[in-house]
Amino acid sequence: MTDKFNDLGFAKLDISRQERTGMSETVFCQSKTKEQLAKIYQSFAKEKISVLGTRCSTEQFEYVREAGLPVEYSSVSRIMKMCFSPAHKLPGKIAVCTGGTSDLPVAEEAAQVAEFFGAEVERYFDVGISGIHRLLSKIEQIGSAQAVISISGMDGSLSTVIASQIKAPVISVPTSVGYGASFNGLTALLTMINSSAEGMSVVNIDNGFGAGVLACRILRMIESYNAKK
Amino acid sequence: MTDKFNDLGFAKLDISRQERTGMSETVFCQSKTKEQLAKIYQSFAKEKISVLGTRCSTEQFEYVREAGLPVEYSSVSRIMKMCFSPAHKLPGKIAVCTGGTSDLPVAEEAAQVAEFFGAEVERYFDVGISGIHRLLSKIEQIGSAQAVISISGMDGSLSTVIASQIKAPVISVPTSVGYGASFNGLTALLTMINSSAEGMSVVNIDNGFGAGVLACRILRMIESYNAKK
Amino acid sequence: MTDKFNDLGFAKLDISRQERTGMSETVFCQSKTKEQLAKIYQSFAKEKISVLGTRCSTEQFEYVREAGLPVEYSSVSRIMKMCFSPAHKLPGKIAVCTGGTSDLPVAEEAAQVAEFFGAEVERYFDVGISGIHRLLSKIEQIGSAQAVISISGMDGSLSTVIASQIKAPVISVPTSVGYGASFNGLTALLTMINSSAEGMSVVNIDNGFGAGVLACRILRMIESYNAKK
Amino acid sequence: MTDKFNDLGFAKLDISRQERTGMSETVFCQSKTKEQLAKIYQSFAKEKISVLGTRCSTEQFEYVREAGLPVEYSSVSRIMKMCFSPAHKLPGKIAVCTGGTSDLPVAEEAAQVAEFFGAEVERYFDVGISGIHRLLSKIEQIGSAQAVISISGMDGSLSTVIASQIKAPVISVPTSVGYGASFNGLTALLTMINSSAEGMSVVNIDNGFGAGVLACRILRMIESYNAKK
Amino acid sequence: MTDKFNDLGFAKLDISRQERTGMSETVFCQSKTKEQLAKIYQSFAKEKISVLGTRCSTEQFEYVREAGLPVEYSSVSRIMKMCFSPAHKLPGKIAVCTGGTSDLPVAEEAAQVAEFFGAEVERYFDVGISGIHRLLSKIEQIGSAQAVISISGMDGSLSTVIASQIKAPVISVPTSVGYGASFNGLTALLTMINSSAEGMSVVNIDNGFGAGVLACRILRMIESYNAKK
Amino acid sequence: MTDKFNDLGFAKLDISRQERTGMSETVFCQSKTKEQLAKIYQSFAKEKISVLGTRCSTEQFEYVREAGLPVEYSSVSRIMKMCFSPAHKLPGKIAVCTGGTSDLPVAEEAAQVAEFFGAEVERYFDVGISGIHRLLSKIEQIGSAQAVISISGMDGSLSTVIASQIKAPVISVPTSVGYGASFNGLTALLTMINSSAEGMSVVNIDNGFGAGVLACRILRMIESYNAKK
Amino acid sequence: MTDKFNDLGFAKLDISRQERTGMSETVFCQSKTKEQLAKIYQSFAKEKISVLGTRCSTEQFEYVREAGLPVEYSSVSRIMKMCFSPAHKLPGKIAVCTGGTSDLPVAEEAAQVAEFFGAEVERYFDVGISGIHRLLSKIEQIGSAQAVISISGMDGSLSTVIASQIKAPVISVPTSVGYGASFNGLTALLTMINSSAEGMSVVNIDNGFGAGVLACRILRMIESYNAKK
Amino acid sequence: MTDKFNDLGFAKLDISRQERTGMSETVFCQSKTKEQLAKIYQSFAKEKISVLGTRCSTEQFEYVREAGLPVEYSSVSRIMKMCFSPAHKLPGKIAVCTGGTSDLPVAEEAAQVAEFFGAEVERYFDVGISGIHRLLSKIEQIGSAQAVISISGMDGSLSTVIASQIKAPVISVPTSVGYGASFNGLTALLTMINSSAEGMSVVNIDNGFGAGVLACRILRMIESYNAKK
């Protein structure tokens, strides 16, 4: 197992990652200058490697597009992607659920990341537990997915109810929505970590990306297990 | 408004509290020596004032009983009470709900405190949201109380579901049950404080006593409002 | 018990909440776009349902008003309400107390929410305990309410003094006023949660809305208890 | 979807959970008295339902065994199980990795829970990153599992290295091993939550049980997906 | 200014401290072995220097006494003192106030430390603000001291009320009394640090010793100012 | 003891405070609108009462001055004062010490507050312990004051060294200067609270005002003690 | 050992520091006004003393340059230096490693500080452990330095891997890069403090300066040890 | 670079570590059973490899000694070592300084670890800054070492003073000594991390071992640098 990577001076592009982890390239745009981003995308474009950028600002996107790169952007999910070939389609499907309308950006990040990596995604938005019947009326559909992403801020208990009602693995994403003692998502994170429900786990606050990738890994296991048989 | 109090040297008994706050005397036993407790109970016994002691150890109870005082004790709620006359009966009723069996001691403290002060109490134990239908099947009965006490540890979301399904005020009690990132109840406390459900509020971790007293105050408002009419 | 709700795509309006919890609709404006808000208000306007929006910015209000909706706005409480019929009047009254002038916005949120839901409200502002006689001179009037909302930042001890001097239930609201180790209201929250006074409970930092709703639930219990008799 | 449950007074047994979540019964022994435990196991024994108890003390186990119940116990994992029929075998396998020898109890809890629910488990113990080649020499074998559980205390970086080197989903379990600023596992938890590696998520400190159940849910998705085809 | 000190190997006794800071010797017993303590006291006894030991256990005291040293001990304050001459009497007096009976050990530590250094001390115990009139009835007497020590746990608001009613400087001591979100005195500490009252400051949790010494420094300033005139 | 206060609707001016606490009026400007401030100052101006405002912005000052009030302003200390008669001169003097140049604004707030209330102040700036001889060369002068204010951010150990070298009481003010794990002054606060040096106490982060007032209370005790003699 | 320093009123320049600690002057620009900075640089320029300023803004630099001082500036490291003679060259070399491209500013601060003080520096950027082979392929070169600075945010585990693979001392710098539960670098700091790897220690979040200085001290020990021989 | 290690089932002994990091074997005894420890020591004894165990209890030591292994034990430092050949002597020397007598166990752990690895160690105990002249009188001797370990609890400022007075690198060890808001060493850790003094870094609370190893790495750089020349 040897790693290949391109050295851009300020960054070493990890070209062998797809082979190693099964995922194509992703870029965390937030902490990079727009010039650095353009160079990174160019470097991938030369090799016709599709790439997904997260937490991309409108300004960053415009700079990269104007540099002549074939990128697409969603201002809700803040994803900037560059695709050279359709994603390999994964088996099964992923359900993305949110507690409230304010969790939308994180949910779209999770959903679009999963779609980029070839997953089929179903969205169940605004099904928070302060109106529990909204959730229960959808629970069978949600439970028919092979991986469920449950996104909520405030008190973060959505995941507990979902995980205790279905058979699929549940990935919880706390969001930074809230005020006062929500501590920018820390309370939701702790609530989810302490859930008494089985079959769920947690990623970082607002980390829709991480949840989307993890859900795809679960779907891929179906594929790789079947391939071995 | 002048206060009367007996001075025992180490403690000033607040004899006028009943008149001022409408509640008879209570003693927080935990941080007192058994000798101090016996003196305090004797001082009330002389005046034939009923008194409720919370967080009382078996050892403290036995010392006070052997000092000849007519006290009763519950090892579950850790309440030691001394009653000289039946409590004045309050209108309405209180529902006490718990998330799991481990919340029992706090629930009994809340329930017995409320009963000591004259309330009718209904118990709904082990109705946590990881088995949501246990709760929903009882929700109408719970909602027929005039004050609901909702007690849970772990992720503390029981209150959110209850408060969003009924019309009565809900008092949430986080418990120190749990492990890891439950931080002895702090996570449950924060979850409850951040709940997106309306109509609920929170008392200190394991503070069944405070919840019971507050619920009684709510019932008493019915009485005093009707008396004024 | 089945829930009705309108699905706006980004939000599911919980139309049956009034029936379930006894309160008409409320909207947390802060995390919504002005376009989303306008659609939500329009959706309620069609059904002639009164609605109360909290944490509404001036810009959001102006957008919704210009969309032709009959909304009213208070820049102090940041409440945007739309009323189609006078609120059903609740029995009794609520006292809203503050520690200092800086707690005014939270206090007005609590008071106006309570008034929206039909309560009579009396305001006692700037009665903090660093000038204890200001408070004690009003305590009998405060204590004649059926529910007391006590709002303070800094060290948050106002509630302790109030709760120990009256018979009514006390709802404490910590505010984010302060500096240094006030931690944006966390210190006041912890002080209130630890209060040695009986008969009080706590809502989230700056959550005037939650306190107002809870106080109304208490008044409504008088009504519903009397209705059953 | 209606829930069945037996009411033992202090506990409501959630008999329909297997049907709903696909897992048979589990009991969190820690916060229950030995008498309560014996009653719970008897209640399941009557229905010939297999049951898994976690965080069980030697004393609790001995009491339940002496009550005539066919239970088995591991003092390392602290699991007390009662089996009436062999577990349904799940497809694929699970790898359980630990950073150090002190993480053994949590690792065994995870492994034995997964085995109880029918999974094949491979153990990779003491492969922490302060001796990175111990880990890298095993990474291909680890990566051939369909779900990987990565357990470590101290600085908790084991998961980051594993997740970045394989294709399978990784479930991280922080442990309370350590001293000083390890804060009983909180530092490891935060490290894992912040990992820059993709494809991993986190459960509560020392929660081997939760990791084991979640890993089984992932394997079961292979089965249920293939069943639908 | 050169320091003199005796070197005992494990400790350097700071013999010139009296000259430098005006206070005779003190020893923090808690983290020392009884053998070390005996050597330290012997070393002072040889020079006929009076010494005050704080946080001394009964076992430590007995060992030192049996080593033939003329020590006195209070099991409430946990102070072990050895006096060779009466303390120089300080001008004015100190008032020591507590919120509840559980604050007694800290209060006695403060009071006895002040008395050891020559101050006149008046005790006002159990005057917490949940019975505000107990405090207000004594406030003039308290205010006639030149330094006031205000000791309380739970919510720690006693100091705010005292400091806002008198002219003397107030030293607040948070105590570790309480439960739940009292965090062993941290909440009381934060409450006191955030007090909106002027003229007060705070020492460490349970640090009666520090408060006593500081109060004596204030009295001594009267003396030294008058001496200079 | 009855309190007099003017009721401005949004604020109750505490007119009797001077009589009660010996200090004239102060106003915390930060959380007030400029219109409210102007009304408050006008209300005092009518009664010819001197007043000190802290944390006043340039904009607030200019509004109040333009409203015709005789106010003076310091942009360093952010104090806006209005004086109608020279302050009563206090006996003794106060030393104000800082660890670095960045602590200047807090130091000037402390110094100017003390001067407003009649104290003589000596300033010792930039004497932090990372250049310990700068401090030691001034220590005798510092120690000749009757009250010492020690202000520092970063690691906050200045107070420990000062308090252990002099006889006067030391008031420590942590400042919010620093970065990283300074947590806006919390680390300095905790360092000071834990100091092993005797004779010091702590006020809130950046609370130069509180330190200045407390130092004046100490000086005033000299005066009042001598007056009683 | 007497200290020399120039007194600028707002600052005491510590002129003897070079002699005492072996390092020439440094200035923490962040909390100083541009006017103060200019005066400080002028004061050093008069004595022909080289000086290094950290956390300098572009605006501060421009003001000082326009004041006629011979300063150089790097907008990446935010260092403003003024050199009058080449630095004395230190023996050996320092390796500066980063986990990601976002850690660049901190890394450049560390590297340029070390270069200012005469060290030879090698840079190894973007070698984070989520692509472990990038790091391992360089580890021998890194290990040939006499002091290694390891800089990373997110989960901060880079240092653990480096320290366990080489013989040189490792200085870890947590960075504030990250989001959610990274808490502005606190998680990385705690991870590093808890590392199970030997031979490493930690400086403050983003404190490239401190790491650079410490690394130089290590190199200088080689020199001073050899000089003594 | 390939790693050799013995697999004991529960532990993989990292036999190649000496070659890789230059240090012989160490064992963290605390979290191992005495049986595991005996097996580990036996495994090293077979290969005649010297080994150092830290945080070893008396009971563990006695079990291993009775198993016939040639171990030595210090009850102060809690180190159990087994030596087969004298340590290779390192150039230079290390100074170990403590703030108080209670820091002794951590100091001895640091010193004995350094001695085990071949360093010459000088001890400077009880030189805390509350008696600053004790420290300053020794500072030249301390500064003549090539690496200084500074150990203190309470407020942890010892390191700041030392680091600002000498040229050698300083390794700070916070200790868990203290009470109240010392938070078991966290306050000391934060103080040290925030120190304004240059040339120092921090290891975990009570981690004398880590400090000793790091100091030895610094000495070894002198040796390896000179060897290359």
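To keep things simple, chains are lettered A, B, C, D, E, F, G and H as they appear, and every chain counts its residues starting from 1.
In this text, a residue touches a chain if its C-beta (ideal position, glycine included) is under 8 Å from a C-beta of that chain, and two chains touch if they have at least 3 such contacts.
All of these numbers come straight from a predicted model, not from anything done at the bench.
Participant: State the smallest step count from chain E to chain F, taking one step as a move to a touching chain.
Facilitator: Minimum step count, chain E to chain F: 1.
Participant: Does C-E or B-D have the larger number of C-beta pairs in contact?
Facilitator: Looking at C-E and B-D side by side, C-E shows more C-beta contacts.
Participant: Would you kindly say which chain has the C-alpha centre located farthest from the C-alpha centre of chain F?
Facilitator: Result for the farthest chain: D.
Participant: Between chain A and chain E, what distance separates the C-alpha centroids? Give it in angstrom.
Facilitator: Once rounded, the distance between the two centres reads 58 Å.
Participant: Taking the mean of the CA coordinates per chain, how far is chain A from chain D in Å?
Facilitator: Result: the chain centres lie 25 Å from each other.
Participant: Between chain B and chain E, what's the gap in Å when you average each chain's C-alpha atoms?
Facilitator: 36
Participant: Among the residues of chain C, which ones contact at least 2 other chains?
Facilitator: Within chain C, the residues that touch at least two other chains are 1, 100, 131, 136, 163-165, 180-182, 189, 193-194, 198, 204.
Participant: Can you name every chain pair that touches?
Facilitator: The list of touching pairs comes to A-B, A-C, A-D, A-G, B-C, B-D, B-E, C-E, C-F, D-G, D-H, E-F, E-H, F-G, F-H, G-H.
Participant: Help me check something: in the complex, which residues belonging to chain H touch chain D?
Facilitator: Within the complex, chain H contacts chain D at residues 1-3, 5, 9-12, 14, 17, 30-32, 36, 55, 174, 176, 184-186, 189, 204-207.
Participant: So in the complex, the part of chain B that touches chain C is made up of which residues?
Facilitator: Touch list, chain B to chain C: 1, 20-23, 26, 91-92, 139-140, 146-147, 164-169, 171-172, 189, 193-194, 198-204, 209-211, 213-214, 217-218, 220-222, 224-226.
Participant: Give every residue of chain C touching chain E within the complex, in rising order.
Facilitator: These residues of chain C touch chain E: 99-100, 128-132, 136, 154-157, 160-161, 163-165, 178, 180-183, 187-188, 190-198.
Participant: Applying the document's contact rule, which stretches of chain B touch chain D when the two form their complex?
Facilitator: 100-102, 104, 125-127, 131, 133-134, 137, 177, 179-182
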